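What follows is a set of structures to go through.
What follows is chain A paired twice: with chain B in the first complex and chain C in the second.
Right, the complex of A and B next:
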């Protein structure tokens, strides 16, 4: 730490930060809230009230989509954890040196590529004229082409694919710091594979599990591309509703209310996750 | 299960099989996209009709390649323009933030730090609509007050740049702060003892030390800007960046041109990603 010899330098450093946060984060969100609280009663006439939120709760389509989005995101989070944990453990504990770096890089590369390209890949694989259907036809498992796309399973496959890295990276980091001798000690004391996993490995990996789950849940909740492209026209996702209200219907008041509800849910999950694991935002995200 | 503790062979092999399967799952969509970019067919699907480079260099319909598809070339240009601005802005602000948070103690620092992290946990769509709503209301107020037009605050490239900048700056700040924390400040003091000015010491000693992180953050910013979709979707005007252009094309029905663009994107982003890792490696 350097003592502030020149106050001027300090304010010069402070001003870009304040300018950025106030004009692009704080004021826009306050504005969004203000718009969500204004009801349109006539042409260019507005009243303050909870009308837009009432519309959300009174229209089953809206809150069901909201609940469905939340439920599918929880499912995605659980799946990424179950599928990603063994991989993270393998990379952290069972490989060394060059193999470890290579495996880790192989995990990273797909995530440097645009989400659009990844989703496009799944579309080519899963659609009726796609690679999977053609392959099954070719080896004679099925007689007519099958549409694998445009259902909830396809959305889940895509969402898990898109977010699994954000589970694997924190898990690898925490598992890396687990000393092998603790596991050996567990075996020496007569522990079985499962009891060691339950008593030693998982408690140690808890911070990684929590931060991975938070990020994956948030990303799935806010995802737009994957559910829209893989789920087809009838599949509803809450971000899709927001887009419709804003861009197609031009009903910004209702769209803002939707946006705030989504923001509320995602912040609540982050908050609860941090409280449950007794971690702070700076420790979880600031890495 | 660790290497020093013996395990049954069956378990070991099934574990390895699972890991292999997982990496196949990771690689499958991307490899399919790449392979079908060379298929001599107007649909991006099997059967294999033979190898062709037409989807890259072709000039005659229906085989118009990427390099002759004007809308795609223009979209790549737009994306590059946006990415350049976002990268420059976020690295500049990120460097200031890093100096502020690492070098200074002041009241409300913890609070500002949390605020700085917030863009990470705001869904991209929400970030987009909030900036859209705010910019429009500012534009309306200004236009009512002055009678002039403020097109820069309407959906378009300026808003796209601001929207992406609003959250990429957080990443830049974190990357650059991490490196600044490792800096041995006695080096700077030595320079001051030798008669350097405060600014001279920072320019000649501290900034060169930070350079790997600054370049790394810049590369990551370009990468994130290029592939951002959610925030951009809400703020875009008539000039579409590449991801938006591809999304529109995809909704109309895809041709292998999209595979060819994707293949180029995969190569470029893998290279950029590796580059940013190299720069971060050179820290140690």
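Right, the complex of A and C next:
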């Protein structure tokens, strides 16, 4: 009787989650998959097949953009890690009390405005008539204005900027849990800064590193605004292609196929990343 | 409590392993360590005993190199360690919570220091194996840290330091986290490990019994200063001041006005109007001033019958307030009929006082030479 009641409670509590999963994730994806599997053979005539996927592999522009997006996202993740780790280490280990809170908040402040506004901010800084170009002209390093926007470096800057918080937060959490005496013990036993980082700090922070990397990678891969605005029309991003298929070309079938390929890509990269770092998803994301 | 005593190293004239000269550490306007000077001869077990907040951890961290002294000098094997980083010093430290690396197995933990020195792999393997045998845990290289018991972790932490053959091993209250039985066992084990490795140990603790049992020499630290350095017996029987008398071992404390001074024997009159006598070996209290008398519970003799007044002094008739049975450490709390003051008296478990109950009348007395008197107000 009691167990029946507690079971009912369990399912009642579970129902919002199941509802969310089924209606917002599983159903749309099933629909998307169904759409991606239907080839348009005539007006309102469809056949089931892998034709849309074949289009992707036969058109170099598509799969090159796909590979480029993957590569740039991995590069963004690596850069974010390299930049975020020292910041997180500083916040977690070298500051105390109020300074810590203040620094943490300062990382958070840019996220109070929308991504669009933040990206426009970068455009003000980097464009030909922007702050950086004018400053370099003023101090005499260059004599004609330089366009810093609309290239891959600008995309990387924007992506790192928008996603670094999601690297810093899990890193600060894991580094916070590292006992200071372990670092001291490392020094006491003759370790140097680098060997302690390699043998003690990084192994301890591994779950945080991996979870930060997963989040940053997925955010970059699925980002639409930053690459389009900062990269200009020459820098293609895979989400841009999906947008084009859905909105400009009204080709929902190909767009759905692209969407599924992107899902496959992110899952594959995360899977490989977890295998390489010998972490499990529950160990990294579950805390 | 039976202190173990080991012979001090024979060549006392040789350079001490560790030498501190007027070592001082200030934090803003707070003096954590104040002009501390001492030296520790090779192969001895030196303890620094003090209450929490007395500066002993700061002192140890200065020796390890995690903090730099404001002034003074610190020498290890005759070489000044000022400006030398913790990874360059010939000292190793066993941390309070041991700080074993959870991301490594036991073999990697112990081999960590050797890897930093660039010792080759096969050499590391043999040395790790050897040191694990010496601490009595052979063949556990592949185990994880969390698979070990408290006592095993303790020994692994010591092995991790000893494999580097340091000149001085520092221990920061490593027994604090263990349960009582294991702590008692580890005290003896630590002492025998120290004898086995013949390395200088510097041990800090707030637990006086740890210090008394294991040490060749003990420094009692209070408010950043060393109050007394001596053997366990010295501290126990000849405390230099009231703090040492009260901190090392149990003692009954009585405070009162000095009534008379007869050579070393001082008589005080407590607030309750009882005259007590004690021996003042250090500072002689002045007549009319406040003074404190410390008496060990085991220095007080009990009898059920009124004793013939052979030495009369410090003899009183008391009622039993309560009996605290604790095996060999049993105590009786006795209340003085006139003043209402209480004192703790060790109850010998020889059978004579088995039937002692609350409300019984007993006669207590002690030899003034067994009690210590210090001027109050320190």
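Heads up, the rule we're going with is that the second predicted complex is superposed on the first by the 249 of 287 C-alpha atoms of A that agree within 3 Å, B and C clash if a C-alpha of one lies under 4 Å from a C-alpha of the other, contacts with A are read in each partner's own complex, and residues count from 1 in each chain.
By definition in this document, a contact is a pair of C-beta atoms (placed from the backbone, for glycine too) under 8 Å apart; a residue touches a chain by one contact, two chains touch by 3 or more.
For clarity, every value in this text was computed on a predicted model and none was experimentally measured.
A.B. asks: May I ask you to decide whether A:136 touches chain B, chain C, both, or neither, giving the answer as first, second, both or neither?
C.D. replies: neither
A.B. asks: Have a look at where A:55 lands relative to chain B and chain C in the superposition and call it first, second, both or neither.
C.D. replies: A:55 sits against neither chain B nor chain C.
A.B. asks: Can A:221 be said to touch chain B (first), chain C (second), both, or neither?
C.D. replies: It touches chain B, and chain C stays clear.
A.B. asks: Thinking of the overlay built on chain A, is A:78 touched by chain B (first), by chain C (second), by both, or by neither?
C.D. replies: After superposing on A, A:78 lies clear of both chain B and chain C.
A.B. asks: Where does A:184 make contact in the superposed view: on chain B (first), on chain C (second), on both, or on neither?
C.D. replies: The answer is both, since A:184 touches chain B and chain C.
A.B. asks: Could you say whether A:146 touches chain B, chain C, both of them, or neither, answering first, second, both or neither?
C.D. replies: neither
A.B. asks: Residues of chain A touched: more by chain B or chain C?
C.D. replies: In the superposed model, B touches more residues of chain A.
A.B. asks: Have a look at where A:90 lands relative to chain B and chain C in the superposition and call it first, second, both or neither.
C.D. replies: Only chain B; A:90 stays clear of chain C.
A.B. asks: Under the stated touch criterion, which partner chain does A:124 make contact with: chain B (first), chain C (second), both, or neither?
C.D. replies: first
A.B. asks: Where on chain A do the contacts with chain B and the contacts with chain C coincide?
C.D. replies: Comparing the two interfaces on chain A, one with chain B and one with chain C, the shared residues are 184, 187.
A.B. asks: Once bound in the complex, which stretches of chain A touch chain C?
C.D. replies: Residue positions touching the partner: 179, 181-182, 184-192, 195, 199-200, 203-204.
A.B. asks: Using the touch rule from the top, collect the residues of chain A that touch chain B in their complex.
C.D. replies: For this pair, the touching residues of chain A are 1-2, 4-6, 9-10, 12-14, 16-17, 20-21, 24-29, 31-32, 35, 83, 86-87, 89-90, 93-94, 103, 105-110, 112-118, 120-125, 127, 129-131, 134-135, 161, 180, 183-184, 187, 193, 218, 221-225, 229, 239, 242-243, 246-247, 252, 255-256, 259, 262-263, 266-267, 270, 281-282, 285-287.
A.B. asks: Across the complex, what residues on chain C touch chain A?
C.D. replies: Counting only chain C, the residues touching chain A are 64-66, 85-88, 91-93, 95-97, 99, 101-104, 112-113, 115-117, 160-161, 164.
A.B. asks: For a test of understanding, state which residues of chain B touch chain A in their complex under the given definition.
C.D. replies: Its residues touching chain A are 1-5, 15, 18-19, 22-23, 25-30, 32-33, 36, 43-47, 92-93, 96-97, 99-100, 103-106, 112-126, 129-135, 137, 162-163, 165-166, 169, 174, 185, 198, 223, 226-227, 229-230, 233-234, 243, 246-247, 250, 254, 258-259, 262, 265-266, 269-270, 272-274, 277.
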